[in-house]
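Just below sit the structures, each encoded as structure tokens.
Next come two complexes, and both contain subunit A; in the first it sits with subunit B, in the second with subunit C.
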Partner chain A sequence: MEEEEQQNRPESCENGREDGEAEEQRQQEESVLQFLDSMDGYLTLLDSLSSTLRQGWIDLASARHSMGVSRVTSVLFDLKLHSASTTLHVAEQADSMGEQPHFVLYKWSSSDSGKCGSGEIEIDKRELQQSSSPQLRHRGASPHSELQKEYPAGSTTSPKAYQVQNERFKLLSVFGTLVSPKLHTAQLSFETALGTLVKIANMRSSMLSAFAQVQKQSQATTKMA
Partner chain B sequence: MYGFEALTFNIHGGYLEAVVRGHRSSLLTASDYNNLCQCETLDDIKMHLSATEYGPYLQNEPSPLHTTTIVEKCTLKLVDEYKHMLCQATEPLSTFLEYITYGHMIDNVVLIVTGTLHERDVQELLEKCHPLGMFDSIASLAVAQNMRELYRLVLVDTPLAPYFSECITSEDLDDMNIEIMRNTLYKAYLEDFYKFCKKLGGATAEIMTDLLAFEADKRAVNITINSIGTELTRDDRKKLYSNFGLLYPYGHEELAVCEDVDQVRAALEKYPAYQSIFAKLSYGESQMLDKAFYEEEVKRLCLAFEQQFHYGVFFAYMRLREQEIRNLMWISECVAQNQKSRVHDSVVFIF
Partner chain C sequence: MANRSQIPTCNSALIAMIADEDTVTGFLLAGVGNVDLRRKTNYLIVDSKTTVKAIEDAFKEFTTKEDIAIVLISQYVANMIRFLVDSYNKPVPAILEIPSKDHPYDPAQDSVLSRVKHLFSTESVASGRR
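Up next, the complex of A and B:
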């Protein structure tokens, strides 16, 4: 009986070691996959930003063509002191991969109060909730569908949407109160691009964090070997 | 008396009509535009334009070129041609030629007033003014605080003075009031120009009233579309429409209550002249509306040259040249942004 137990002990130790190695390898593979996933998301967002900006610039040129060069010009920008309608906040966020900076955009804060007011919209709040636990990103989402998701047609009935629309018109009033719809389209494109930039910053932050994790695990594996 | 212009027109207007017809023949053709649309850089555009009458104006510009430089130099050519015609003209042609520039004068006044409201430097604003709309005391516009001062200090001695009677208030100048002022001034100018052309009579009255009516209708449609979703009330919107044109008065009644582009289409499709414009567009689309209106305008302006012994050719030439400059601006922007696939979105061929 005792001999059987003594025979089983080295086998169970060896099985335990093999299980540990398998678990480690699985974790390493998961980290690598996490890194590749975040890099894929980063590159997709870069491509989306490029196409959104191209659309914005051509829409702006189209607005200048329609309204005239004297109506859409940089000399009409308002130099009076006023609070920003959009602010960017940076916070340190701790997760399983360590501390990493997280960027949140607050759009259309009330310009009268001078601070983030009732009109603010956090576009990255859902991402903050999602990124608290590392998850594989769902592939296959089109970059342009983000624009449609954020600004679905006919969404101007709620008071918040109405206030946002008013803020948008107020910003464009530097060019006059009766502006071409093309200028509104350009504004929307640049607004989307700004949101994409913040997403890129967050994605880059998680990509670097995932890379650091992969490196750490790789070094640990090398030492054990 | 209509039909007898051939007897007397050439005494005072013959030379200048010949000059303007010569200028018309130098407008860019479709093959010029095809060459320009294939350019890869702005320097290529400059090279192609050097073979045209714009050559002398662009040849000394250093690389790298900017799209605004191309537009400024092409505009200078138009200004030189205009000033040559103006200094050779006698009454009433000289007054007619001056009327053509009042629209630019209004744009310059609004630019200076808006820029001053935004605390911009006056010199910076003057550089952006259209050269055809400059007048002596334009820099003094920066000191006015409201429309009454604007009129009393500066505009009372300018040709725009008669148009201010409906604008004079003591309200401070803000973005909405400035916009209303712009459109009210332009409305008064168009109506005055229309009356002047009718008084001239003959072929000038027949051709110019048609061209100005189209201009008034185009402005009404643009004001309607641009004011959708803004604070401008229906009554205020209706006050900005001119009191002449094909759409006056019943079309204006319908346009005043439109809330989207499809309602504008429904209002205009009742008029055969504008039905063809909207036939080119799909429902809900407004992006190509500008191009459709420009194409119709160019067609009418070209037809003005089919008849002789009238002043409409001068107006038509100035507008065709401005359209050409808009085309060059659009082509330059598409080339500069590497988006040549979008070139044909807004280019309107003249010939």
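Up next, the complex of A and C:
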């Protein structure tokens, strides 16, 4: 009986060790899978970005062709003090792979945060008054009630959507009041590209984190061997 | 004791750009342009007259500013300062290499993919088999 017990002890230890190794290998394979998945996502998103940017460049070239080269140029960029309308929120995300940054895009955030005073792009107010779209006329730091007056409750355009349109128009008006529709299309393409870029940034963090995990496990395995 | 987190969090961070005129124009239309009190912009337009030193200085400036979370750099521009880009390893700001009009994206040149590709090199495979 005692001999049987003594025989069983080394066997159970061996089984425990084998279980531990199997678990370790499973974790390693899971990390490798996570890494490959992230890398695939990264490359797919970059491909998508290339297509979106290509469309944006084509639209920009079309706008330049119809408006004239001198009207769509970097010389017209506003160099007066102004904040970005589209910003990022960076948070720390902790998961099984460790800590990694997580990026969130806030499009047209200046319209939400109420920092219109310092964030507005200088525009030719005379051009605005002569604009054929009165609903986009600049009204300074317009209070919510003013917007509701122009867009009653039954209107399909919400005040927030109006503010976003206003921000878009302000940026387009850097190139003049009457701009080619292609410039607006280019603006939308680059907005889409921004969303893709934020996804790429998050996927990149995930990939690097998974890679670090794989390396760590690989080194641990090498040491044990 | 756990190490302090090295990931700086920020509520209203910017996207910086080092790219050609069309790419910068497009992203400015999307609302990422920022000009601070010192009239410094969050972008550098690279053309035929831009020197490598100017690109290096812009890269160093954007990667050390606390309010910048992502730096977009055209891949052909990144190739001009490849040593600097490859030696950068902080999580934030994230450096993203993007294609340009005349230079499509090449995964073989991407800094991040170069960092991880050795996982698939014959050497690493061979060492695993020993």
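As a working rule, the second predicted complex is superposed on the first by the 161 of 225 C-alpha atoms of A that agree within 3 Å, B and C clash if a C-alpha of one lies under 4 Å from a C-alpha of the other, contacts with A are read in each partner's own complex, and residues count from 1 in each chain.
One rule holds in what follows: a residue touches a chain if its C-beta (ideal position, glycine included) is under 8 Å from a C-beta of that chain, and two chains touch if they have at least 3 such contacts.
On a predicted model such as this, the values are computed, not experimentally measured, just so you know.
Partners subunit B and subunit C, brought together by superposition on subunit A, fit side by side with no clash. Of the two partner chains placed by superposition, only subunit C is touched by A:S189; subunit B is not. Of the two partner chains, subunit C is the only one touched by A:H82; subunit B is not.
By the touch criterion stated above, A:W108 is placed in contact with subunit C alone, subunit B being left untouched.
When the shared chain is aligned, subunit B comes close enough to touch A:L178, but subunit C does not.
In the superposition on chain A, contact is made by A:F211 with subunit C only, not with subunit B.
In the superposition on chain A, A:W57 makes contact with both subunit B and subunit C.
Contact comparison for subunit A: of subunit B and subunit C, C touches the greater number of residues. When both complexes are overlaid on chain A, the residue A:A161 reaches neither subunit B nor subunit C. Shortest separation of subunit B and subunit C in the overlay equals 5 Å (C-alpha atoms, whole Å). Common to the subunit B and subunit C interfaces on subunit A are residues 57, 61, 73, 77-80. Interface residues of subunit A, counted against subunit C in their complex, comprise 35, 39, 42-43, 46, 49-50, 53, 56-57, 60-61, 72-74, 77-92, 99-101, 103, 106-109, 113, 167-168, 171-172, 183, 186-187, 189-191, 193-194, 197-198, 200-201, 204-205, 207-208, 211, 214-215, 218, 222. On the side of subunit A, the complex with subunit B involves touching residues 54, 57-58, 61-62, 64-66, 68-71, 73, 75-80, 165, 169, 173-174, 176-182. Looking at the complex, you find that subunit B touches subunit A at residues 68, 71, 107-108, 110-111, 114-115, 118-120, 124-125, 128-130, 175-176, 178-179, 182-183, 222-223, 225-227, 229-232, 286-287, 290, 326, 329-330, 333-334, 337, 339, 342, 345-346.
By the touch criterion given at the top, residues 5, 7-15, 21-37, 39, 41-42, 45, 69-70, 72, 91-92, 94, 96, 98-99, 101, 104-105, 107, 112-113, 115-116, 119, 127-128 of subunit C touch subunit A in their complex.
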